[in-house]
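Both complexes shown next keep chain A, but they swap its partner, so chain B is in the first and chain C is in the second.
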Partner chain A sequence: MTTPARLPTRQLIAPDVPRFDTSGLAPATRDALAELLLTLADDEFVAGFRDSEWTGIAPMLEEDVAFSSIAQDEIGHARVFYEMRAQLTGEEADRTAYGRQPHEYRHARLLDHPRNDWAYTITRRWLYDTADAVRLEALAGSSFAPLAEVVAKIRREERYHLLHLDTWLGRLAGHPGPPRDKVADALETVLPDAASVFAPLPAEDRLLADAILAAPMADLAARWRTQANTRLNELDLRQIPDAAPPADGRRRDEAAVAEGFRSLWDEFTSVYRSEEGVEW
Partner chain B sequence: MSPTVAVRPLESAVWAALEDVHDPEIPAVSVVDLGVVGRVEAAPGRVRVELLPTFVGCPALEVMRGAVEDRLRDFADEVEVEVSFAQPWTSDRITPRGRERLRHSGFAPPPRLVDDGRLLPLLPVAECPYCGSRNTTLENAFGPTQCRAIYHCTDCRQPFEQFKLV
Partner chain C sequence: MTRQTGTGPADLPKGAAAPAEGRREAIGRLGEGARTDVFEVFRQEKDGDAMRHAGNVVAPDIELATHYAREFYSRRQESVRLWVVPRVQITDLSDPGLLQPPLDRSFKKPGGYVMRDKLEVAKKRAAKEKAKAKGAGDR
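Up next is the complex of A and B:
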C-alpha cells in the first residue's frame, strides 16, 4: 500500500488530546481563533525548542534538568494548541508544526533571537514569560470554553517557569560585574522586540467581539509593561520603552527570515523533511 | 466522582479494575489514586472513561490511556478512553491512599493547594519521606519528570523527590 506524501497518516484527533467542542462557531470566528491558536502554538514551540538547546550544555547540571523540563512543558503546550487548531481547520497538527517554510511561522519576533549566552537566554525568556502570563490571563475567561480550560491548566505550569526565570534574573542582575553587565547588554539587544508578543492579530476585532480574547493586544502590552517595568526598576535595569506593539511583530518576509530562526528551523524540521509523509 | 460513592455495580467494577493500572513514571500509584480518572460511565456493551492529564504535555498519558483501554477490554465491546481538560487535574486530586503510597516509595506528597491567585506562589516546604523532617531544602523545582521536584533533607542527608503542587 502506498501513502501519498502530505496526506495525514494518522487520525486527525490524536488519542491523547481532547475532542474539543468546536460546534456553533461562525466561520469568521473559527478563522480568527485558528489564527490566534497558531500564534500561541508557534510561540511555545519555538520557545520550547530554544530551551531544549541547553540540554547537556547548561552552566550547571541542575539547569540541564530544569531547562529540559521547561522545554518539555512548552512543547506540550504548543502541541495542544496545534491539535486544537487542527480540529478547527482540518490541517494535521504535525504538518503545521513541521511542514511550513520559515516565513510561514507566526511566533513573536522576540523569539527569533538565538539563545546566545546564559544571561541572554534568561533575559529574553523572562521577557517572553512575563508577556505570556499577561496574555494567558486575558485568555483564561475566553468564551471558547476549550481554550479557557487548557489555559487554566497551562497557567498552573507556567508559574513554575516564571518563578525560575525571575529568580535567575534577580541573581544575575544583583551580581556586579559580568553577570549584571551581560543582562544589561541582553536587554539592550532584545528590548526593542519584546512587545512583539503583543503584535496585533489580523482578526483581533472578531476575537474581541466574540469575547474569545478579553482585551486588545495593545492594552495587554501596556499591562505587561507596567508589571515588568516594576521588576526591572527594582533591579535597577533598563525600562521597556512605551511604544505600541509592532504591527509586523509576527510577520516574516520570505527573503529576510532572521538567521537566528532559520537555523533553529533547519534543525527542528530536519527529521520531518527527511521523509515527508512518513509516520515516525 | 470518587470511586467509593459509585453505586452502580458495573461502574464500581470498572473503578476497581482501574486500580490495577499504574502510573508508568511512578508505578507505586494507580491512576485512580493519582486522581487522573475524571469520570467513568458504564452501560452494558459500552464503557467510557475520561482521563485528566497531570501536565499538558505529559508523555505518560498515552501509555496510561493504552493501559486503561487494555484493562477494560473484558468489560465491554466498546471501550472509549478520552482525555479532557474540562475539569483541571490538580495535585489535590491525589487520594489519601495515593499520598501514602507516594511517601512509601520515597516521594514527598504535594502540599495542599492554596490557590490565592498569586502569580508566584511561595514554594512550600517538603516533608522528607524517609525521616519525616521538615528541615529540607529545594534543590530544583524541575526534576526527572514534569511533575517532580528535587529536595534534600538536611537531617537524614537524603535527596528525595516531591510530587509537585500543581
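Up next is the complex of A and C:
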C-alpha cells in the first residue's frame, strides 16, 4: 500500500505568482533582486497590517469593509513579492513574513508610525501610496520580466487604493476645523519620514546596471515630491521639503528599529511564534 | 424578484416605500453636522445582462458611495458595471390607486381567448405544407 504523497504546504507558490528560472542570473543580480523584493514585500505587508487595524473600528460600516478589503489587497501584494523572493533565496515566504527579528524587516520608516487617528492614517497612507505609485511605475518596465508582469497587475489595484485615499484626504483637508487641523498635524509628524520609501537600496547600483530598476531612488524621490506637492498645494497644505532626506541618509538595512514597529511586530508574529515550525 | 448580493446595511424592509425625500442620517461619531445619504446600487453581472438592483450603501457623497459600491458589489469580480444612484433621485410610485385600479382589467391581459382548437388546425396545416414543399424539392 502506498501512502499518497503529501504536498509541501509551505513551499507552494500561488498560481498568480510567476515562476521563473534563476539559473541564468548572476549571483550579485540575484541578491540585489532579492533585497529589492524584500523591501517591496515588507512595505506592503506592514502597510496592510496597519490598515487591518481599522477592521471593526472605522468611522462608518461601509468604510470598514472598504478599508479592510484594501488591507487584504496589500497583504496579497506582499505575498506575491515574498513568494517571488522565495524562488531566488529558497526561503519559505511564511518564514520571511513572520519569522524574522524586528531589525531584519526592510519596510520604509514612514510605516513605523502607529495608525493614530483616522486623519493621521489617511495622511500617512496617502504619502505612502503616492510614493509607491512612482516606484511601481519605475518597475513596470523592469528588465526582469516576472517583476514587470506582477507590477502591472498590482498597479491596477493600487490605482484604486490611491483614488480612495485621495478622496479622503481631499474631504478632510477641505473641511475647516478638526478634520483639516488633524491632517495638518499628521503631515507635520510624518513628513520628515515620507521620503524614506525611496531610501537607497544596498545594491542599487547593480539593479540600475541590470535595468531591473529604471532610475535611482533619489530621482524617483524627486519625481514623487513634484507630483505630491502639486496635490498638497491644491489643498493648501504643507509641502514636502526638497531636502527631505531618505531616512536621514541611512540605507534601509541600516535604519534603527522604531518602538512603533516593535509593538506591531509583537502582534503580527505572535501566532507564528506561539508554535514555531508547526505546519498550519 | 431581484437577487440581492452583498449586505447593504440600510436595506429597506420588505414592502417599505422609499421615502420621497431620501434618508439623511446623522452619524454622531463623524461629528456634528456630518450627514450621509443612501445610494442605491445596480449591477450588471456580464456584458449584455440587465442591470439588477444589488442593494445600497450609506455614504457622505457620491464619490465615496462609488468606492463603497465597488467594495460591496464587485470586490469578488462579480460585476462588470455598477450604477450608483442617490436614493433621493428615485421617484417612488406605489400608489395603489394608480397601479392597482379597482375595476376589472382582465380584458387587457392576453388570456381569455380559446386558442387551442385554432392552434391545432394551424399546426396541422403548417406540417402538411412543409411536407408538400419537401416532396417538391426531392423531385
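Definition applied: the second predicted complex is superposed on the first by the 249 of 280 C-alpha atoms of A that agree within 3 Å, B and C clash if a C-alpha of one lies under 4 Å from a C-alpha of the other, contacts with A are read in each partner's own complex, and residues count from 1 in each chain.
Going forward, a residue touches a chain if its C-beta (ideal position, glycine included) is under 8 Å from a C-beta of that chain, and two chains touch if they have at least 3 such contacts.
Please read all numbers here as calculations on a predicted model, not as lab measurements.
Asker: For the combined arrangement obtained by superposing on chain A, do chain B and chain C clash, or do they fit?
Answerer: Once both complexes are aligned on chain A, chain B and chain C clash.
Asker: State whether A:267 touches chain B only (first), chain C only (second), both chains, or neither.
Answerer: neither
Asker: Have a look at where A:188 lands relative to chain B and chain C in the superposition and call it first, second, both or neither.
Answerer: So A:188 meets neither chain B nor chain C here.
Asker: Is A:259 contacted by the first partner chain B, the second partner chain C, both or neither?
Answerer: Neither: A:259 stays clear of chain B and chain C.
Asker: With both complexes superposed on chain A, which partner does A:236 reach: first (chain B), second (chain C), both or neither?
Answerer: neither
Asker: Which partner does A:164 reach: the first (chain B), the second (chain C), both, or neither?
Answerer: Touch status of A:164: both partners.
Asker: Please tell me which partner, chain B or chain C, touches more residues of chain A.
Answerer: After superposition, B is the partner touching more of chain A.
Asker: One more residue to check, A:178. First (chain B), second (chain C), both or neither?
Answerer: second
Asker: Just checking: does A:62 make contact with chain B only, chain C only, both, or neither of them? Give me first, second, both or neither.
Answerer: After superposing on A, A:62 lies in contact with both chain B and chain C.
Asker: Check chain A for residues that touch chain B in one structure and chain C in the other, and list them.
Answerer: Correct list for chain A: 62, 65-66, 69, 160, 163-164.
Asker: Any idea which chain B residues touch chain A in the complex?
Answerer: Touch residues, chain B against chain A: 53, 55-59, 61-62, 65, 81-86, 88-90, 119-121, 123, 139-146, 150, 164, 166.
Asker: Enumerate the contact residues on chain A facing chain C in the complex.
Answerer: 59-63, 65-66, 69, 160, 163-164, 167-168, 171, 178-179
Asker: Would you mind writing out the residues of chain C in touch with chain A in their complex?
Answerer: Residue list for chain C touching chain A: 9, 27, 29-31, 36, 57-61, 63-64, 67-68, 70-72, 75.
Asker: Sort out for me which residues of chain A touch chain B in the complex.
Answerer: Touch list, chain A to chain B: 15-19, 62, 65-66, 68-70, 72-77, 79-80, 133, 145-146, 149-150, 152-154, 156-157, 159-160, 162-164, 166.
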